[in-house]
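Going in written order, the chains are labelled A, B, C and D, and every chain counts its residues from 1.
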């Protein structure tokens, strides 16, 4: 049976479903933004979306290409300065969910958006070594390092592959649970950290004790072998492994229309 | 010869003249506000007046009764929050002159607006002792403690009497030059402190070396004996002692009209 | 999410004896109606935080609601003293009142730090002042880069923060306009917040960078027309300067104050 | 007090080789015209500070103006990499580029601290991140009240701060509207500031709490219509997304970039 949706659509809709109507969500650009707006346009019409550009309670009709597109401000309840955004709104404890993407994620849900190391043969990874020996410079941390600790919890969405799912990230830009899985234990004043990771293959959650990411749900038609093959460490599966519900017609319709509208808008340009 | 103005008018006009057209002035309520607005309405039309309520570049037609009267906001270029006022505008170094009144001032231009001590017989004053043994509770510091250190310089205007001009203040709410005259030497990152004190009898300035207040100009008709009698320490007079110029017709006219208008407005009340 | 409530309900559901309260509004938009309702409900042992206690705290202190006052300028603006505060400080009437005394800069920074979720505020303050000698809550930190010693005070994080604003929309979003003081900070830093408003409107008609508080940052919204009187509401009504002037004589005399309390507060209902 | 100047004069009178510059604008109102004029005037050895270097710093770095970059997110938003930055970091082309890398929260707080006249910013940040291992400018302070260790970074205090805004009035007061980013902070914290504006108007028509900078906080105002292009100006023109997309191919290739530099910048005059 051929599914009537792509793995990317499955990922976005599943990520959207993780959000609920009464949440305040600090939205990263790209996949998180796509998912958050699908949520808002389907089951969570009242969800509060906040972007680090200072736009609060924004309701874009098209997806922003940048974190500070005009659409975000025009459709927002209000727009505050960037220092206020990071001080009062994020650090001040008003964000339920920080929604992030990443370039690399490891088994303790640490995120790397800083650097891919030239020498990845070393058995024990050290950010400092990677940083001094870059193979590829990535854009950097942006808002993520503090979103991850100051939001009450963190959702992550990222495409599943051995390039992204590595046993240890080359550099911890943004902490999940630390290289030993225990960093949050020493910091009672920060949030719970990543509670769910949504990929194009499955849903993962941290083990309550070890904080290691474990597959809790496979997307329809995806096998355990596929996930094992796409993950850079010996991935574990929950004993209560379930199958993720498929996207419904409305979700797919909203997502496709949103992407169409966005593509049309971003190729146009003009005076206000 | 009877002057055609009162000592209070002489004080206000002299204080107004201390301000110049290109200054930014952080204005205290009462006498400083009266003087600053007379300056703005006479020789310094472009002076920037800032009140701690957050009102920037305000041009009130009547004198505010409180530091946050509606008139201040309505006639301001813009109004910022109170934390922003104290952080960005005052501490950020954008204030040329802090203009203050006081209940007590001592020979090192320290100001007390906190407490009059019950026992003022002690030879060495200590704020802590006064605070524990109040005769009269005063309103407290308000903006003054940081205006005095974060403005580039400080002007003070206060009525001259032995009650206000004391050898040592009962409590240093707001530093002039400290109980020993040397506090600013240890703090290179703060402003110059008080540079002029204007009373209804004379003008005083700190000695460049000792920082002790010295009379540099007597108002017309005022004698050295009067100043000595109204000052609670053996006051010194500058070798270059001059006579303060009298207020001119325009200054008196502006001041009187301003006070009339203010009195009428403050006894009225109504819907906007 | 903001619940639209009567002021009576908002106070009774939120304020408990012994709570730390901040009723803010810097001269403008002082939430008098809410203060009066707290008096009416005979809340006790409150820690009251406010930069300028103003008449609102003179009334709460005189009515016996307060155990402690945290403040930075305790006068009747343009008039003189707050006599109920003085009577409490100097004569323990109606009972003893602890005080923690700051400068405005310290309080403004402490509210900012509270809103920013920090434990303390850091600023260049109190240099040469004797206030640190009489206030244990003033400390310092050293800048690791320059070695400069900076003043440090604990963040303000009230149990209940109460402000008055011009208007709310039907979703509970609130617009504050004019002198905005520390009102945003109070709502964002408080465990529970109450906003009284002049009116509910369909559309706030706010500019993109106006001072707007989203409904989900607020617990209770109560309509209280003229709820800031005798202070003022920019765009609605002016400050009642005569009330401030008249207060001096009422507040100066215990009997007159107690009569005022009986006639004007206890025998009247909330709006 | 703000002087009305041509952009060419404003840059030549303010920017010196070796200066620390912040050209800010968070996606919105990026001062591209000013950046291009800096390239045209061949300023060298600059320390460039910006949260998101964006195309503007990719262009300045590619043109050889920069010695050092202080930043927190160095991508082409929604498109990919900044290839001139990468080429400088990885291959020292056109020459070596030092970098100091922060998070957005750190930079935003550092700008705030600069505006607040403080030597450092204190915030809850970098917990568990390895950025402090590669950035010596990240330190910590301990809260004297709770014992919590908080992150601490030096305040940003540029020699020259440059922003673009919608409009100035004839007294040089400036209105910024929409996404206001860290622009107010940059102007207030810089030793010298340049504001380019879309137009000069008689009246800013600003609300009481709008983001307005008084003329006396600004050194130079230069009229530069479309001065934020290819970014956008709320109320004037939209973001030129196609320019951002097209930049990828130009920036990827040294020869194409150098040709672009010659044709689009060096051979054209300032507005």
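One rule holds in what follows: contacts are C-beta pairs under 8 Å (C-beta built on N, C-alpha and C of every residue); 3 or more make two chains touch, one makes a residue touch a chain.
Every value quoted in this text rests on a predicted model; they were computed, and no experiment measured them.
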| item | value |
| --- | --- |
| Chain B reached from chain A - shortest hop count over touching chains | 2 |
| Chain pair with the higher count of C-beta pairs in contact (A-D, B-D) | A-D |
| Chain A-chain C separation of Cα centroids, rounded to whole Å | 40 |
| Distance between chain centroids, defined by C-alpha means - chain B, chain C (Å) | 27 |
| Chain A: positions in contact with at least two other chains | 73-74, 79-80, 87, 91, 150 |
| Multi-chain contact sites of chain D, meaning residues that touch two or more partners | 112, 116-118, 123-124, 148, 178, 180, 184-185, 208-211, 234 |
| Each pair of chains that touches, named by its two labels | A-C, A-D, B-C, B-D, C-D |
| For the chain A and chain C complex, residues of the former touching the latter | 22, 24, 48, 56-57, 73-74, 76-80, 87-88, 91-94, 150 |
| Chain C-facing residues of chain D, complex | 116-120, 122-124, 139-146, 148, 150, 152, 154, 177-178, 180, 207-211, 234 |
| Chain C residues within the chain B interface of the complex | 26-28, 51-52, 71-75, 77-79, 81-82, 85-86, 89-90, 101-105, 108-109, 111-112, 123-131, 133-134, 148, 178-182, 184-185, 211, 232, 234-242, 244 |
| Chain B-facing residues of chain D, complex | 1, 112, 115-118, 173, 184-185, 188-189, 206, 208-210, 212, 214, 216-217 |
| Contact set on chain A toward chain D in their complex | 29-30, 52-55, 64-70, 72-74, 79-83, 85-87, 90-91, 110, 114, 126-128, 131, 134, 137, 139-146, 148-150, 171-175, 178, 183-184, 187, 189-190, 266-267, 269-272 |
